[in-house]
């Protein structure tokens, strides 16, 4: 997904060679017809995007579910697993019903820069014979492949939120929240950041793009739309719902760090689908996004462990995996834009900042963000979003940006300015914090006053597994 | 000496421990048990098969103390573990004939 | 895998463009030589099929093993894991030894519509220089890629059966059963449903196909061969073996729903290899199969949770994941043939039907299908198989069928009749129930009377982990 | 990765057809320029290599971590998970910092046959516009894709070692060891076995290759570099560190065979990335490597279970999964070179040999290789390495070897001699045992005398989770 | 009052509970224990290393009842838990000095 | 008869069992417990949140023996479980009124 201008020299070279091998057309075709698009699909791209979609699903289930579930007390284990599993399921249905249309169309809507229309509601006008643009001229994906890849992002984002108020939310209210939040917050955010006309069409319709895309904000794989968005919603939610009974007096150690480690590992593995898949093709830039994701995560895991070593003498597994997730979050907006060495720096930087929030500021401010959704996803997302403006710079070995306002799109190294870009990035971050923060607060508030967000104290004390779902996680 | 054995609700453990420390009790032994009693457990349903157990997770505390302290231990435990709800549990007091500290071999009340 | 005629417009378009880009031949070649086939392999297809095979293996181990294992009592956990692990291993060996030949050849056999011959026994005549047909004219896979993809189906199918009589079967007898059952039931079923000459050859040999394929039964990824087949064998097995000691008086709650949830999630993720991989190519139809699999599963998970909500007020995680599996089963035969919206309907419908069997009919009839193999896989498979006749209809947005009796194969929307097709589907279902039900019963019966199917009561009460395998699952 | 000459007929045929479809050049180009290489990248290959890299990461985390972790006592569970997780992270950073340069360059180094130079230190001169050779003429990968694929091998190899002295190593000392060992042992080994100029360049620079590659040693996916190397290092380490407190008197049963089974299954699934990914392309030979990996593993799992059945009457899950891993290890060097049927024989043979070491010789010699790294990885690796010389023979259906000293590289069946090749294989095995054994011993010794390798007896008895990491794995 | 402590085979728990309910026993406390005794456990073998433990999973039941009921509790337990096989377990009876219901503070037999 | 109840360090279980077997003790019951006492547990830290529990894993052994043997059981246990370090544990001795072997119904010392 992406941005007003993007990608790198390698992509250009590769595209050139592809044209060479494809005698059916002489040069790139401006605004190809659907029939022509059908000939512009590469099976390698399709294979990569489908496996990427499967990987992103694996991030949510079982990845995120276990990462979160291991951290709660055993009496709430199933409730976390259930919340993630059902959010995934509900979000999938909402996505094909109206989400995709709101996010990825721009016709028949009063505010085409803010949110799409209903032309593709219930996947009307989408079939195995329609196509979606990639970031390269004259390279297309079958549209349903794009729909399902994007669907997995709409599944995981609301699932991220639940960590902030785990162990104390009413299940039915949560599901209602998710449907409303996707509709009012996520789909518009996705539209504003990711929607554009595509490289073969933009030159002729230079304003057909989402608001933040139009600003030139860079977000390779979803730092704003996914992590800052979910992180701030989580914070707002945990403030409105209130602290867990017994917090912080009663000790609430993680019930199974083994599950948390499995979850973190699967998040790491699946994140390649998220970040490298976001290139929409299987080319050299995909490789860039892949290796950047790998090394930033390595660096952040090491960095967190080092902070713990210095702070209290023992590096912990929970620290290492938390650092890895922070690194994954931070590299997300920059994945295909930076270089491996600057990604490592980014990884090293993000962990101490998140650590500060998680281990110190949270305690001081006294909010009960059970699983540190704000401290890791929102803060990590902000660090990554801003750093993207720096690491994308060709002067630092970054991939720079493509100029899509000309046809065919061309590489535009000269015009890159770190300071201008960082300002744009900060603007995008602030916009997301306000839009999602305020919007989410309103949604939480209304649901709290109507359905009620919180189970009874007794139900909470007994554990949500039994009180909400009538099950017990373990019967050894 | 007496063995005070209390069956309490799990989330009351911390309160009881604090109450006993306040009395000067230096040690105790805790185990996870399951209780049957008036308090009924939640009905569990797995693919339509219902299990109406009346088995509820409880914590068993065992404290050995000298005879004089025993009534105050019982009282303190009763107050700290009380939530007023069914299933708060029981306290039983048994006689202990002898106590030995393994490390030193000390016996009797000095072993506690 | 598939059917007398298949696929959609997009496939046609894509094929056309491929030809355009491949100057080595002028148009499609009828009955290409092996040398020509070597030039008709796309690396994107190979990548997709190999990763699909890996995904299907992951469905079995650890997916299915954990899904089942979490549901038994902890004293039988390892026995379930061991059964699945060893069935996978044994089936792999049987498949290359004689299974592939019996399933996917039609020469030198007295009943070429029922079962293959021995021409490829021990993979004779199969090498890195032989090729297997796909569903598109002039598109081939290296034959070993096809062999190993199909192998993973022969691994998981018998593994599905063990859930029906988990916690009470003799390990050695089970392994003998699996070898015999694969040989006498599974390979013939696979042959009857999936064997055909291939699109470049069928026009010249219109009868060179398996029996059910010849009937025109539609089964995109294995509803009959895998799920109905395994489901009915499981039912027969659990009837012959008898109930668990203590059933239904003694409570036998799942020992770890966490494992069950991990298993279900990996089944979901892996099922994309199963369903979308069954297209044998990486194109727009693969995308159709992928998204249909996704949304049908979402719908079925939601549907099961809703049924529980209405029935006893609490949606359970076990319900949600069971629903997801039911949805995966039901969409299997229809995956590449329906449309996302009809797939959602299918998902919503299958869960209440399976719920009825699992939560009510089983109890009333009193059989002890420990892990609901019949209720979920057989019933879900039947619902899916019949519904396939409906959702495949182009009138409902389905992909319709290809006419492979002409060369090159052409799309044939006009002739599709839902009622005719549904009748054919029912015929195929009944055939499978009878063939596999009777055949499996005979095999179980003979093994019971010779080796014996059941361990002693003491061994069962102590738990199969210790009594059969000399191990303990957990030593915390 | 590979060897002085390699690959098979199918590769030839496929290459030919690729040229046919690529009108941009007339025949293979000797020593193409970087610009030409850009046109020699196939998106299917890129997709396959990226997913392979993700699979190999999954082998380490969570795969290997769980496989090992399940086998220790619960008080040391997190320490094992942490060791693997941090080794992966540290190795990733070391790899891009200097590892890749030492392993895969041959310029500006005094001993180009032993170790590379520093020309690509910190990935200097590596970008999205540079390319890496495959085993086929005129087929290239984006270099960063190759870098990250190879990175995952450098991550898992040192992680394998920790099993030999699990439950009793100081964390900080281990991390220091890993950095030094990678630098002094692994990178040179990788260079000696895998480095070569590439098929388009070798004819002109016939000596530009690593030492063992020059000998003609065959190692398709890393039997020497990964398994023998790690296995012997583990043995040396466990001898220097000494036995666990209480070993062998105190019983130390695995704390969760469920975790071990999950780990083994994910190792199996991920190993396709390791073995089939090592072909660097997505073609028929990749299929060969894939199916050989599958069936050798099946055979070895069955074989180990049978040995246990005969030896003490009960086949165990731990036995089956250990056999599977032994099979995976043994097939690694032979994966793309043998045929399915000979791979099965190899799988059947390796298990009894490893069993002998694990269940008998270890006890007799009295060393405490906690998780049998030597018995499974080193012994299994040796069996596989030697057997590779046999199964690769075209006379046995093997893929034979390619002659890369001519351009374009040609298939050379006639010259294959099993006895010559086996001697070469044995030479390579002995070299690896001595090089890695002596080198690792020196490193362990120096670290032991300086930092100290072992925690205090009290810390060991309390468990490393609490004493080294301040955490507890389970709080049910 | 007496504390009747029974060590039984796990699958006998339900039978014992029913038998005691029939006597009017309203509560009991149950824990998972391991027993050493005449009954030997299965030999476990992990990669050839044998562990011949004689440790067998058992269930410990603790019931406090008044003195009169105690013999009948013992008898009922003995009958319900009896399978005739080695390892069926033991019943021990101890004196209890005092009992308190935490919720209400009631003491003595009314606390049971 | 006496009930000897010992709280020991987990890794001492084997030594104690051997010592008791040497005395002719044929059976015992073992459970996993957690101990509070002088010995403090490790501080656990999860994402900066410190839990300084003084809860340490211990093993509880319960042996019923006849009165004469009791002192020797206590002594043997004390010696076998002694590591000289804080937290080695305690031994308590209680009176047992009655013992029954479930399998046979035997009572008293022959039931042990």
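Letters A, B, C, D, E and F mark the chains as written, and numbering starts fresh at 1 in each.
Just so we're on the same page, a contact is a pair of C-beta atoms (placed from the backbone, for glycine too) under 8 Å apart; a residue touches a chain by one contact, two chains touch by 3 or more.
Here is each chain with its UniProt name: A, C, D = Ammonium transporter; B, E, F = Nitrogen regulatory protein P-II.
Since we're looking at a predicted model, the values are computed, not measured.
Shared contact partners of subunit A and subunit E are B, C, D, F. The pair with more inter-chain C-beta contacts, choosing from B-C and C-E, is B-C. Residue-numbered contact pairs of D-F overlap by over half with those of C-E, the repeat interface among C-E, D-E or B-C. For the touching copies subunit B and subunit E, the fraction of interface residue numbers used by both falls below half; the interface is of the different-residue type. With centres defined as mean CA coordinates, subunit F is found 54 Å away from subunit A. Distance between chain centres (mean CA atoms), subunit A to subunit B: 48 Å. Inter-chain centre distance (subunit A to subunit C, centres taken as mean C-alpha positions): 33 Å.
Annotation for subunit F: residues touching 2 or more other chains are 31, 44-46, 94-95.
Contact with two or more other chains is made by residues 21, 23, 42-45, 47-48, 51, 251, 253-254, 262, 312, 314, 316, 318, 470-472, 474 of subunit D.
In this structure, the chains touch in the following pairs: A-B, A-C, A-D, A-F, B-C, B-E, B-F, C-D, C-E, D-E, D-F, E-F. Against subunit C, the residues of subunit E that register as touching in their complex are 11, 14, 41-46. Considering their complex, residues 2, 6-8, 31-38, 55, 58, 60, 74, 77-78, 81-95 of subunit B touch subunit E. Residues 1, 3, 17, 26-31, 64, 94-103, 105, 111-112 of subunit F are the ones that touch subunit E when the two sit in their complex. The touching residues of subunit C, when paired with subunit E in their complex, are 246, 249-250, 461-462, 466-467, 470-472. Against subunit C, the residues of subunit A that register as touching in their complex are 21-24, 35, 38-48, 50-51, 53-54, 57-58, 61-62, 65-66, 69, 77-78, 81-82, 85-86, 88-90, 92-93, 96, 122-123, 127-129, 142, 144-145, 147-148, 151, 171, 259, 262, 468-476.
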